[in-house]
């Protein structure tokens, strides 16, 4: 059965498969602490959970939908939340692992489809240190949120590495590969922004506005999570600026190369003109052509061509075309 | 007659053509539920409806105008609303089917010109499950809104397919067709944005601010519709970013191709120069031209040309021009 | 004399040249209605009007200034307003005809320089239907505003026609004329936006905030005007997007044409190279040139050239350059 | 001594060099009016002034700093203000002449480094019309502000002239001069925006929020200044749009010219190909060349070339390349 | 030991290594002043400091983290702050030196890793002038903030110099170096903006909102710091506009050069056509070529070529191509 409950009551903390037998008593005891984790989005299981806790059908329904957007909905006596851990696939796509749940006065319920490293890590922390549960269900919620937000940083670090790589390639030898990888990075940053922005707004609301189930001491800790989220937002914006800046550099370099190539073409075309013309003129079939019978005639023309080339290059240099 | 009334009173639910005979009594009975559907925008019919319910002339007038913009106006005791179902034409245009109406404390009136799949679907649901009407006219209104918003998703899915197709074409072989189709997608996304944005704001207002005819339980359901609308807004923005990103890729690829072509032109022009010049020189009419009388003279020049070509290509390769 | 007064008092409605003799009594009678229209911005006339009604000097001064920006200023007991009717000149410029005025509890004063079709139309409506004045000076004000806002739609329709024309031309044969006309449309849309935006904000304020001289029933009508103004704003934005989108299409098409032309140039240059080179080689003056004495030598070369052309075109086709 | 005081007390108005002897009595008399003007930013002089009036050291310090940004700081019992008159240098730079000062319940102090035309003009107005001072120190402050804002319009008019000139040049014969002048205009508009924007916000605050030293009647006049500032802001934005629009036109024209030039180049290259090829072929040294011994051979080739040119031009015309 | 305390109590001010012995008494005495500076981010040292003053663990933790973003967190009875001094590296990177700290009712604690010129300068000022401490811990905090903000101006001055240099280079001879340096400046301005923006918001909050530990007189001084920060923000924006404007100029110049080069190419190509054609024609091997036997034939052709060149240049000049 994919339901695991961890109960702290009367000073003793234990973990059980399924729901505790005295669920109603625990919920009624403000000093007790309960954390129920459901590693499934099986609809009947979730509906049973909803009935046991008395959650609103809409909120329970949200648990098995793929919401894709972090949110917190307040219901009388409890919050429904939906957050995401982030992974990066080999191919550079952002993968979202959704964790939904409920936060009440003395309990937390978490729901997730795949096994979650973050939930496992939090369970281990509770086992190691009972105070994590003692400080209240909202502190537990903060600890989970903190773990989820921490999954964002490695993804951003990887994006930064790839931006630096792409920047370097753009300057050295831009090709279709580079452009596709920049296009990918832009898509990922868009995805990150759509996740981080709402999270920041939600945590801001949790930390400042009057949600009844969040106590004052925990609010200070949420402010810390919010600092991380603000930094994440700024990093995403910075990386967007960097990518756009790199593209600008690519464009100006591209234009500069084009201009240089055109200059070379023009110089060649201009130098070409008198040379072939002279050769053509002396190739004409006239009885009398200057120097035609001079034994060195051919070399006179050769010298003339050299003179023309040198003169034109000197002129170009004077006009700062070279 | 295009007027259909569905009445729930004293536990019995029935549907009648035209208005119920005891309209005034029904409206005065808070426990009763009434839904009148007018499948017409015939002005006299609407004016009669307005008189029967006592609606403000401006609101009734809005029923036969084509408003094109979702809105909700509050009047004393009732709301006027105007929403849209969305279809996509074969040619890729957004088609709006407007549904206007009034929401009172225990009744809803809906007005639409063409036959509406959404209205039919809601009528069927009421027949199947009487609780849809029992829960109040505002829940009925929510159900209608939910059906209307659900029409947006297939359109966005189709747009997504077309973006992916266009993206692929842009990378492989961009032509005028691709550009026109991207232009079309941009226009559609503009149209979607102008519909989805105001809907989101309106549903936000309905779900949070104090509209008297919306009860607290229904407000939670409206929040659900609003989540859909927020996701729609974000999808539209994402697709806009994707289209713009695809255009950027097109541009950079285009520029890169241009630069490569220019390089080829320059290489050809540069190689061309000495070759034709040499041929021209030996075509000059002098008495004494080097090798002119040598039986292999022609082939010496041939060898000279080959040497020039090889040298120049080697130089280009050394300068990384090739 | 360019002053016309229309008085409704004790059930009788009449129009007089100049001011009514019992102006003070009319102003003191809440049941009376007065509309004074000044078809002049002659300073002494306006100053006299200001003295008669007791208006603030700053507001009276604004009547003869060309304000160019719609505005409403609240003074104790009355509002000063400044709105615009819009025309489009033959050359496609936006022409503003300013109508200023004052709105008091039971009177309205309007001031305009040129003869105004909208004022004439409102006067006619008052003559036809006395209820226009009976409903209060604020309803009269609403009627005027409605007429002024209605002048915007034909201008936008004309802009839309011209956008469609320009779009078509951009796709078919863009020339300097098209660019200038697009530049003109952009200027017009800028002008429209500067007029419509403030109007919408002002009417929004009039319809919602507590201006004492606007009664509740009229506020509903003002909401209707506001709907028109919101739609106007959105149309202007849509047209701006269309114009910018059309320009983008022009640019991409332009770039594509350039790339195609460059390709043709490169193909020509590349094919040209071996042909003229061969002709040049056989034009060289050597004693022994291959085939020189062969009677069909000329035609061998001809065949060689054909062979070269065919081979190169085949290569280009294989490399998908053609 | 650069201090000039103008005192209105007990019905008599007189101007003195330096401070009035009975400064303390004047400040204590709410019916008195005092305006002290310091045409210097000499630090000891300003510090003495600060001590006489009891101003905060930070505010006095701001008088000799070059603030560059309009501002109003409220202190208990008085305001510190810093505004700017604008001039345009011959070279087209925006010159700011700063006027700082203090506004108390019945006095105003102004501080400026260079002689100020606006201060002189206000002094003259006070001499001509004693009511300017009678209406209170805040009305005096409004009069000064009005004079300062009026200096902005000539500068904007000059910018408009230069935009129109640059627009015309861009269409006719764009050169480096034109681009530099557009660059200058953009810089100036940036400078204007940085001055006008904060002024508008400050005057908005003065006119609406509860500053104790600004009385209700003066607030109406400040609204008038604010209208000017709003119009200035809109003019600046309009001019920015115009400049950017002109640049767009330049770009599209530039691209169009480039495309036309490329077309000409391609046509020339294409026509060139067969002509020189034919000439080259008949220049080959074969024993038997067609028509070589025909007396009209030369003219046959001439005719052939003409035929080729005519055919190709006809083909180009058919393909709409010309 | 890297802890230095400066105590002002009962009129005497002295500096001690480590913490004062009577720390608890000092903190309890509202008339006393204490400033503890920790020139280390050694974790145990900071944890001990936190215990002595009773600071929240989260705030103490922030002292040894590298926060990178200015912030102020309010805790009951004290503020945690984190600000930055700015240096510019030789290579043109922005270097941040973080200074964290706590501000209580009568004490300030500062924490920094590297030796800080600003802290040293403030210590010296306290030694020189005891009133700096007498005026309260919040005035001390203001003095520190002022010193930190003053480090921004030299960096911006250096950026301005480099912009002017790059602008000049862009106009004169743009190369890859210039583009890289502009890219660097953009990155620096991005970094500056991310620092200055939040600082301005924070100082704005400190100066206006009700933070208990900031007294009214100090608030006036903070407004002064805020003026500096607003000016810094505007400078950063101005520099961004300048850089972007310079890039625009580069682009238009680049395009203009390209167009000119293309024109030259076209002129050369067009002039080239008849010249080489004529030379080719007279190089054909016919028995009868016009002027072939005329002794001046060669010079006739020469004259013909000159005539063609002159005619074409005249035509180009007439068509305003030159």
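Going in written order, the chains are labelled A, B, C, D and E, and every chain counts its residues from 1.
The rule is simple: a residue touches a chain if its C-beta (ideal position, glycine included) is under 8 Å from a C-beta of that chain, and two chains touch if they have at least 3 such contacts.
Values in this document were obtained by computation on a predicted structure and should not be read as measured data.
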**Q.** Chains contacting each of chain D and chain E, listed by label
**A.** none
Q. Chain C and chain E are the same sequence; what rotation (0 to 180°, nearest 5) superposes their CA atoms?
A. 145
Q) Taking each chain's centre as the mean position of its Cα atoms, how many Å separate chain C from chain D? A) 25
Q: Please report how many Å separate the Cα centroid of chain B from that of chain D, as a whole number.
A: 41
**Q.** Numbers and ranges of chain E residues touching at least 2 other chains
**A.** 258, 262, 265, 269, 272, 276, 280, 283-286, 289
**Q.** Graph class of chain-chain contacts, one of line, ring, star, complete, other
**A.** ring
Q. When the cyclic arrangement of chains is written out from chain C toward chain D, what order is obtained?
A. C, D, E, A, B
Q.
Looking at the complex, which residues from chain A come into contact with chain E?
A. 220-221, 223-224, 227, 230-231, 234, 238, 241-242, 245, 248-249, 252-253, 255-256, 258-259, 262-263, 265-266, 269-270, 273, 276-277, 280-281, 283-290
Q.
For a test of understanding, state which residues of chain C touch chain D in their complex under the given definition.
A. 56, 58, 67-69, 71, 73, 75, 174-176, 179-180, 183, 186-187, 190, 194, 247, 250-251, 254, 257-258, 261-262, 264-265, 268-269, 271-272, 275-276, 279-280, 282-286, 289, 291-298, 301-302, 305
